[in-house]
Amino acid sequence: MLSNFNIDNIIRTALAEDINYIDITTDLLIDPSDMTKASLVAKADGVLAGIDVALRAFCFEDDKIICEKLIEDCSILKKGDVIAKIEGPTASILKTERTALNILSHMCGIATYTKKCVDAVAEFDVSITDTRKTLPGLRPLQKYAVLCGGGNNHRYNLSAAAMIKDNHVDAYGSVFNAISTLRERAGHMVVIEVEVRTLEELKEAIDAGALVIMLDNMTPEMLREAVELTNGRAILEVSGNVTLENVYEIAETGIPIISIGALTHSVKSLDISLRIEK
Amino acid sequence: MLSNFNIDNIIRTALAEDINYIDITTDLLIDPSDMTKASLVAKADGVLAGIDVALRAFCFEDDKIICEKLIEDCSILKKGDVIAKIEGPTASILKTERTALNILSHMCGIATYTKKCVDAVAEFDVSITDTRKTLPGLRPLQKYAVLCGGGNNHRYNLSAAAMIKDNHVDAYGSVFNAISTLRERAGHMVVIEVEVRTLEELKEAIDAGALVIMLDNMTPEMLREAVELTNGRAILEVSGNVTLENVYEIAETGIPIISIGALTHSVKSLDISLRIEK
Amino acid sequence: MLSNFNIDNIIRTALAEDINYIDITTDLLIDPSDMTKASLVAKADGVLAGIDVALRAFCFEDDKIICEKLIEDCSILKKGDVIAKIEGPTASILKTERTALNILSHMCGIATYTKKCVDAVAEFDVSITDTRKTLPGLRPLQKYAVLCGGGNNHRYNLSAAAMIKDNHVDAYGSVFNAISTLRERAGHMVVIEVEVRTLEELKEAIDAGALVIMLDNMTPEMLREAVELTNGRAILEVSGNVTLENVYEIAETGIPIISIGALTHSVKSLDISLRIEK
Amino acid sequence: MLSNFNIDNIIRTALAEDINYIDITTDLLIDPSDMTKASLVAKADGVLAGIDVALRAFCFEDDKIICEKLIEDCSILKKGDVIAKIEGPTASILKTERTALNILSHMCGIATYTKKCVDAVAEFDVSITDTRKTLPGLRPLQKYAVLCGGGNNHRYNLSAAAMIKDNHVDAYGSVFNAISTLRERAGHMVVIEVEVRTLEELKEAIDAGALVIMLDNMTPEMLREAVELTNGRAILEVSGNVTLENVYEIAETGIPIISIGALTHSVKSLDISLRIEK
Amino acid sequence: MLSNFNIDNIIRTALAEDINYIDITTDLLIDPSDMTKASLVAKADGVLAGIDVALRAFCFEDDKIICEKLIEDCSILKKGDVIAKIEGPTASILKTERTALNILSHMCGIATYTKKCVDAVAEFDVSITDTRKTLPGLRPLQKYAVLCGGGNNHRYNLSAAAMIKDNHVDAYGSVFNAISTLRERAGHMVVIEVEVRTLEELKEAIDAGALVIMLDNMTPEMLREAVELTNGRAILEVSGNVTLENVYEIAETGIPIISIGALTHSVKSLDISLRIEK
Amino acid sequence: MLSNFNIDNIIRTALAEDINYIDITTDLLIDPSDMTKASLVAKADGVLAGIDVALRAFCFEDDKIICEKLIEDCSILKKGDVIAKIEGPTASILKTERTALNILSHMCGIATYTKKCVDAVAEFDVSITDTRKTLPGLRPLQKYAVLCGGGNNHRYNLSAAAMIKDNHVDAYGSVFNAISTLRERAGHMVVIEVEVRTLEELKEAIDAGALVIMLDNMTPEMLREAVELTNGRAILEVSGNVTLENVYEIAETGIPIISIGALTHSVKSLDISLRIEK
């Protein structure tokens, strides 16, 4: 699902950052013909994401490295699980180990946290969604990892869908004018969402015909009122400072879409290591 | 201190990720001649890192945007602090806002956490150091943010210094052989560190003449013994699962260098926002 | 509206293609200090698109070139109109002339043809839309030129919106299943369009709840029936072999959206030249 | 003949433009293990150019796709001809289809139009040649397609040969001075062509020893006089607003070289489609 | 004359090679606000080439650096000459010094050796020409430096002109067939040179109508015979193991064109240094 | 040991420089199905470096080319030695020949000269080391070739180790202050070298605790005094205008490390050619 044209630049940059010229220790000490078997092992419970990227990183510089994937992306990982086997020249494996692990740990961290949020609200009919708060250069990997954790992707970028905010409304005098102007200019393949901060604005947006409305930083009480007030006339999305701690409380309000910036901007990596079999 | 050849690729990629073609909402609704003033505001306490990168991102596409920096990197931020003023075409500011904030929040998150670790061990003569566990493509920004938080940088990459691990030792029969072989081949500008997992290995490394030794995942008790056993004959570094929670306990043991992967692999972003003045 | 990160790669590549090392004739014959004034002149009627890109190309290599724009993008051009004034070192102007003109003539060609199609159906409430049939590397310029000609942009790429075709339907047994599966997986910011080839399929798509439906290669008679059959329950789009010659006939049928691949895949450039004032 | 270093950047850029992150429709609906057979089919008569590039585009992202080429570049295509067979994962084929077709249709369009021009003047000993009026980034593909259609390539860029125009002559007072200065400075591997607009200038150019002379925008009558006046003392080239419509009339005048900008700046794509066998 | 699109990639790569992340010594010791004046000084006699590239390298990362050029490319340098003044932040000047000097010393080395060869044969009407034996990535800088030294450029690349060698002749049975086939296929803007190794082959090439002929690795005696035998019917070029030591002896034979691979493949850099004024 | 991410950019750039569009001569004359066998042959004595890079260049564009390596890097070459066999399409071999040879001849030139220097001082316990005086873009290849010749690499870049010079000392009032400040800020993995120009400065540096000291441009007499004065308290390095001619005289002084800029800034290429077997 991830395209190589997105992945390869990331891998190449990461290898160049980590190796630069040579691996002084490995290249000067290890015989290039020395061979090793190794395993990627989960050191904590979580969700797998990015195994194909990690294995591609291992093989990027040396096609004598052979990888066998044992677990697929989106699977639940238990501490101790062997995710994949890697076999080939010791020197090449040692040189690419850190790069592969850095990528995999980050992506699994995202999928794991996403899955926790999804599970936390499993009893409701709600979608956990990411945001544009991604790390520079890593959006393709991060958005994919959110999918692996059971989340949905919000718009990929500013060209893919529209989001009318305060400043846009101000320029047109009213939400109604902003929506109708944009509806005409943007073409028929663009979803338009409107961001509102008060119930007043919500009412106005609904009246203006908004079909998707983002409720920014509202309290659970306000959200409950918003659901009632909207009464099915628009799709509601909550955004702003949602975390695993408060996501249940928000889902309880009946809002169907909860977007969480922390999925991608505050990632705790999942501990994964390479066990070298001597 | 950060070079533009490192920064610009990151900014360009991040802008392309976030804008792709056009900002449908902004480009189709906001008059290009409409002008705005805005402020970068800290929404939480922390340490500033990356303000020059963020301001460069704002100006990257439109040289009519003018930025005034009010606070310098490495400074303490208090919630509510105005970090910089931005003035220029509304459309251009709205289009680059997310990219600039994504970079700045991430870098401040690193500096803030680093500073907390540094402060936690302030009473000891100890250096908080990063690792090679960085996110792909972001090492220059991340390592710089660690400096802003008062930390030190470990080696930038595998060419910059040597680290002898198990596998390298195995290939040479003994730590002694590995060190002396590498000492001869690596030239005089390379520091050689040896990683050990037991006090046995530590003793062997000291006897072999190792000047820098990394103690991997040892308990505070073992660390204390290690300091005693070493008795100044080598520089000791601790690594492995150190966090803000246990860093004091480790520093207490007398180890002078503590490297923390979480500084860069598990970053919680600092909340910073752009306040647009109407 | 066009971002420099999209434009600059195109300009740089085009200059490198056209110059390679030096302009043998100009660099070896013209004194670098020799200065010239020149004008960009329309040699045919049309619509202006890409003037900022063309002027940026002129100045790309030599900041001593100064450009004055006299006409803005989207304006009607009459044969003989002076679009911009360029002044600076003769050698630099001669070296970049062809690159700037190649870009501008192509973009104006697109805008001009788009405008003709838009004008041809002006009496109907219809949107002329482009497709993904663009030339490799030129999509940003081409889609923007369509906007300059009064057209709309269809989805920018496969991530920005969905289009369910035969093959997708086959995999799910029915249009209904395909739509509902995709609706769940794709998130709330994605518009889903369904492509149909017969009135049977159209009926099925409407019944399945499709909100946007593309009618592929249908005759005007079929289109008329489709409009009647749909009766406002979905937005209809026509696609396939539409040109300026038959666009009126199609618009007459009442279809509100007509997408035309030829806008970008079969472009006749507009004749524009650089008049050098001696 | 086309080098991969030229092709691959174009393919990678085109795929990134068309896919961006994922193919929402295909990636979310089609099982990655689902396999398909398909055929590239000509929907109109023409000349084949770029089949290797198109097949490389199909395989670029997924090496499980296997292509079998049935027709070689430069061959005549009849409507209905199967150009190649493609077999592999359905999802991968659907994702790359548009990119491959966009490239192939454009290149075949160029070869087809070139061949029509070549055939139109088949009874004369004349060469149909392209110009520097190519589309940005596509010069390698376009110049190659001209060869496939039976045309010749004019100089690839400003470094490959010289063309003395008005402005160059003005700087040296006379055609004679310009030619002799350039002859001395340019080295022995550079062909020098001189552009003239009147018969006066032609005479002057011949007297100055010009071996290749371009006649810019002359009428057939003037061209005939030019041939007579030149009487074999120089190679003559016609340029300026030549199309399929008037190329015969020009070839009749006896000019041996006719360069046509429209071959590459105003391309009508050839209709080619991918027929998926269910 | 050199285009920035060629230069900037070289400078950026060189800076990245030399700096990587930070200049540990300078960035950690020198106050960023500390200012310095410095001079580029020739430490040996030679010819200047590349001063604009070098100064661009100094300013590449810091627009607060101001450069004043005192001597122009192609000028004779005497030991002690001040070539340019540089003023700006001490840290930035120290960080870019090595990169700028590496480029400048190399280019001046080429120009200086070329000038020596040109001067050595000044009494003859002969052109000193470079070859395709350039260093990877540096051809634009190297070919330009040859011009600065008074030499000429041979073809820039394999697309710019033709050179028929043994292998090409073998494929066509005779020089005559090879030339006439290529003449027809290559278009009218391509110079065709034929390489010969014996006087027999030379005769054959002249009879076949070759206008430019390269004499490969012939002795002065053979060259003299070749000139006599040719008697003005073709332009002759000598190539193969020419150096400053034997160039006079070769020029004496009357051959008008002498190409020297060593101009670019075996460059002795010219000693230039940056004198920092305290 | 050399990573492909470093090599491939160099090869791709070099091929693009040398081929540009097509090899006019070869592509228009040689049948693509014509096959050839060829050998890489040393035309002079030397040391092999870069054979893997050269063979990768041969295969870069055409995977039908098969290479067999007969001699490994670091081996002594005798004139006439066959280094490798190449077999495949004649056209592809002819098109890549020059690029492969340009790279190989340059790298062997470096290894050969390095080896001569190493051999010249073989009776002493001394290390021949390169410098940062490398050619732009070629540092990875050049530093590796130095290793092949038996030399050592000095720091790869300004991030890998520190070198305190005059200007740095001035900013801190004394060598002592500069060293201790840097020692604290730079972290524990950085070697700090101090450059001195007089014996006074040397004494000061030793007293300041410098462990590595570079003696800049000193006479053999001064070097001898320096060794005596230092008496093992620091590692001494000589730098500045060392060549094969004077390296013995310097090694005699007892200095253990001699760095030579000429290894990489003034390279005489080794003559290697491709012998095509008919």
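As written, the chain order gives the labels A, B, C, D, E and F, with residue 1 at the start of each chain.
Convention: a contact is a pair of C-beta atoms (placed from the backbone, for glycine too) under 8 Å apart; a residue touches a chain by one contact, two chains touch by 3 or more.
This structure is a prediction, so every number in the text was calculated from the model and none was measured.
Contact with both chain A and chain D is made by C, F.
Remark: among chain pairs E-F and C-E, E-F carries the greater number of C-beta contacts.
With chains reduced to the mean position of their C-alpha atoms, the one farthest from chain E is A. Averaging C-alpha coordinates per chain places the centre of chain B 51 Å away from that of chain D.
With centres defined as mean CA coordinates, chain E is found 44 Å away from chain B. One finds 22 Å separating the Cα centroids of chain C and chain D. Separating the CA-averaged centres of chain B and chain F is a span of 32 Å. Counting only residues that touch two or more partner chains, chain F has 19-22, 95, 139-140, 156-157, 159-161, 185-186, 190. The chain pairs satisfying the stated touch condition come to A-B, A-C, A-D, A-F, B-C, B-E, B-F, C-D, C-E, D-E, D-F, E-F.
For chain C in complex with chain B, the touching residues are 1-6, 139-140, 143-144, 156-157. Partner chain D is touched in their complex by these residues of chain C: 10-11, 13-14, 17-26, 28-31, 34, 36, 90, 94-95, 98-99, 101-103, 105-106, 109, 132-140, 156-168, 170-172, 178, 181-182, 185-186, 190, 192, 265-269, 276, 278. Within the complex, the chain D residues that touch chain E are 127, 129, 152-156, 159-161, 185-191, 193, 212, 235, 237, 257. Those residues of chain C that touch chain E in the shared complex are 12, 15-16, 19-22, 27, 32, 60-61, 95.
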